[in-house]
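In structure tokens below, several structures.
In the two complexes below, chain A is the common chain; its partner is chain B in one and chain C in the other.
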Partner chain A sequence: MLLNDILSLPVVGPEGRLGYVADCRFAIDGSPGPLLADAQLVGLIVAGKHRHGFLGYERTSVRSPAPLAWWFERRQRGSFLVLWEDIESIDDVVRVRPGYTRWSATL
Partner chain B sequence: MKKYFAVALGILTAIGGFVDIGDLVTNAVVGSRFGMSLAWVVVVGVVGICLFAQMSGRVAAISGRATFEIIRERLGPRAGAANLGASVLITVMTLTAEVGGVALALQLASGVQPLLWIPLAAFAVWLVIWRVKFSVMENVAGLLGLALVVFGVSLFLLGPDWGDLKTQALQQTSHPRETPLTYWYYAIALFGAAMTPYEVFFFSSGGVEEKWTEEDLVTSRANVLVGFPLGGLLSLCIAGCAATVLLPRGIDVDALSQTVFPVAMGAGQLGLAVVILGVVAATFGAALETGLSAGYALAQFNGWSWGKFRRPAEAARFHLTMIICLVVAVLVLLTGVDPILVTEYSVVFSAIALPLTYLPILVVANDPQYVGEHVNGRLMNAVSTVYLALILVAAIAAIPLMILTKAGA
Partner chain C sequence: MPDLPQHESPGQVLDVELHILDRQVLDRDDVPIGHVDNIEVDGIEPGRELDPASPPVVTNLVLNSGILPRMFGGRPPASRLHRVPWSAVRNVGTAIELGEPGASFDVTWSERWVRDHVIARIPGGRHAPE
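After this line comes the complex of A and B, so read on.
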């Protein structure tokens, strides 16, 4: 599966549509290699209305320039992280398991 | 001593390299139609390109990544690809205009039809890209481009009414033949001519080519902050010449010969020879820069090996891309399309595409993961955010104005 195929897909939970895949969150467990060999997919970032990422403004440490940070913070409202183990299936839509947890999308 | 020499050389090449066919044509057109009343746009554009180049140069020096590697990383593959498509299209359009400009300048020198010069000019561009070392290429083209200083000399020799030029620039005198819409259309064209996206692709990729490090930041800053404003001054001299000679006579600029006509009047035959040399150098240098920029953009985005510091066999796709772009430029020009017209459109489309590359660079220049402690300061952020708004307004207004004014007709 290519990441490109997952990005922007609609996400559906037990309670109905949750939003769209805006980004994928990785953790680099070992030392970063040129091909991200040691990166592992932690989960998907689900955003309510927007299908695109947040240009790095999901990190609380990056707050400038202020108008851009404010704009992307607004866009991020309602977005959350769903862990990979809470993903039930991926085809035309991403299905989330019942009892999943909405983790904060900020870093 | 060596360092001072490097700074001086960098500044000189930045001045010579600042002016390209877009600046030559647009400044002359604007000068002949609006006098100096759009001079403020050149100032605004020069400050903008200084900000943009300074940020992208800093990001390249500290992170070792050029513009399109960053765009791919920050925007992701889809938005990044749309961005790439638009940027490469504008760059190839500018390349077409530059190759056409070389051919027109050679026609002025020789009287031989530009259609015959076009394939030759494109072949020469390819040969230099293929064979000549990056620093030699940049310095020779930039230094020869300094011959355009003759526009400044001519302006003095023409002895204009300086008070009148100043009044035109500061008091916005009316132009009976023009409408406010054409005024604003040409304001955007002039802004696009000063802030052309390829300049930034070239500048940041050049930083990687020349293996800039943190220590080179001072040199790069000096090149930008001194060289570009002096290049802008040269642009104003082009407009000033047109405002002095062409505006009172009601001559519209639709050929390169009209752009250099004031120089022939002010500085005679010698001036004309020097200005033709300058135009050939400036357009040829810009053709090299735009050709390389198209290659840089595609190769960086796709993760191909790129750079003139590698032998062509080690960066085959990068070189192939540039050959294809040059062939496209030649084919477009051989249809008989007017290079001046291509130039006029290319500067407006440059303004339209500008936010696509400006935004990611502004974002990354604030990201400590890329630039560590060298993130933008408060003042830099305040000014560059104002410019983001300005660039967005220009980009959004450009197409409606183009339609309403029938491209400034």
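After this line comes the complex of A and C, so read on.
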């Protein structure tokens, strides 16, 4: 499956619509490979209103220039990380399991 | 966001849009061979319940397949995607560095074609400049 098909999909939880898939988070911690270990999906970044942030700028520790940091963070306020084990299915929408946990989206 | 718990993952953490998409790809000799347009993963079957114990893994980076779809819509057929296997990736930094020469990937076929069919027919085009 191509990841661009997942980005921007709506995310639905037990209480209704949660937002949109803004990004996918991977960790290079899978089975060892010849050069790098496998990159495993950790979870999906869910943004409440805007489907796209500014390429993830708002998730980093960069805080300058301050007006831009404030603006991008404001656009993506309320975004959170849903871990893979809390995702039930992916088709036209991403469905989240009941009792899921919201994790901070910051890196 | 600050009051949410922070998830700690072992290993290097990569957000696809922030760290991978549109990054330049360099071969073993630091020669640019393209940029990442998409990522292919294994382990997601649309519409079926997902296995929480088996997270998807990246199988291939898809290179240089985004310009025409961005202009005209749609997507190239799967057989025409230029794939670079994740096993060939050596490092992910400001650029994606590979551990193999660019000639071993299909994405450089156009350069090889021009070299063999155009440059090679120019007098002196079959050897390095002296």
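Observations, loosely collected:
Throughout what follows, the second predicted complex is superposed on the first by the 93 of 107 C-alpha atoms of A that agree within 3 Å, B and C clash if a C-alpha of one lies under 4 Å from a C-alpha of the other, contacts with A are read in each partner's own complex, and residues count from 1 in each chain.
As a working rule, contacts are C-beta pairs under 8 Å (C-beta built on N, C-alpha and C of every residue); 3 or more make two chains touch, one makes a residue touch a chain.
Every value quoted in this text rests on a predicted model; they were computed, and no experiment measured them.
Taken together through their common chain A, the two structures put chain B and chain C in a clash. Contacts of A:E88 after superposition on the shared chain: chain C is touched, whereas chain B is not. When the two complexes are overlaid on their common chain A, residue A:F80 makes contact with chain C while staying clear of chain B.
Contacts of A:V42 after superposition: chain C is touched, whereas chain B is not reached. In the superposed model, A:W71 lies in contact with neither chain B nor chain C.
In the overlay built on the shared chain, the residue A:L7 is in contact with chain B and with chain C. Comparing chain B with chain C, more residues of chain A are touched by C. Shared contact residues of chain A with chain B and chain C: 4, 7, 23, 52-53, 55-57. On chain A, the positions that touch chain B within their shared complex are 4, 7-8, 23, 52-53, 55-57, 61-62, 64-68. Of all residues in chain B, those touching chain A in their complex are 74-79, 359-360, 362-364, 366-369, 375-376, 381-382, 384-385, 388. Those residues of chain C lying in contact with chain A across their complex are 1-2, 4-7, 9-19, 38-50, 52-53, 55-58, 62, 86-92, 99. Contact residues on chain A toward chain C in their complex (touch as defined above): 1-4, 6-7, 22-31, 33-43, 45, 52-53, 55-57, 59-60, 73, 77-81, 83-91, 101-107.
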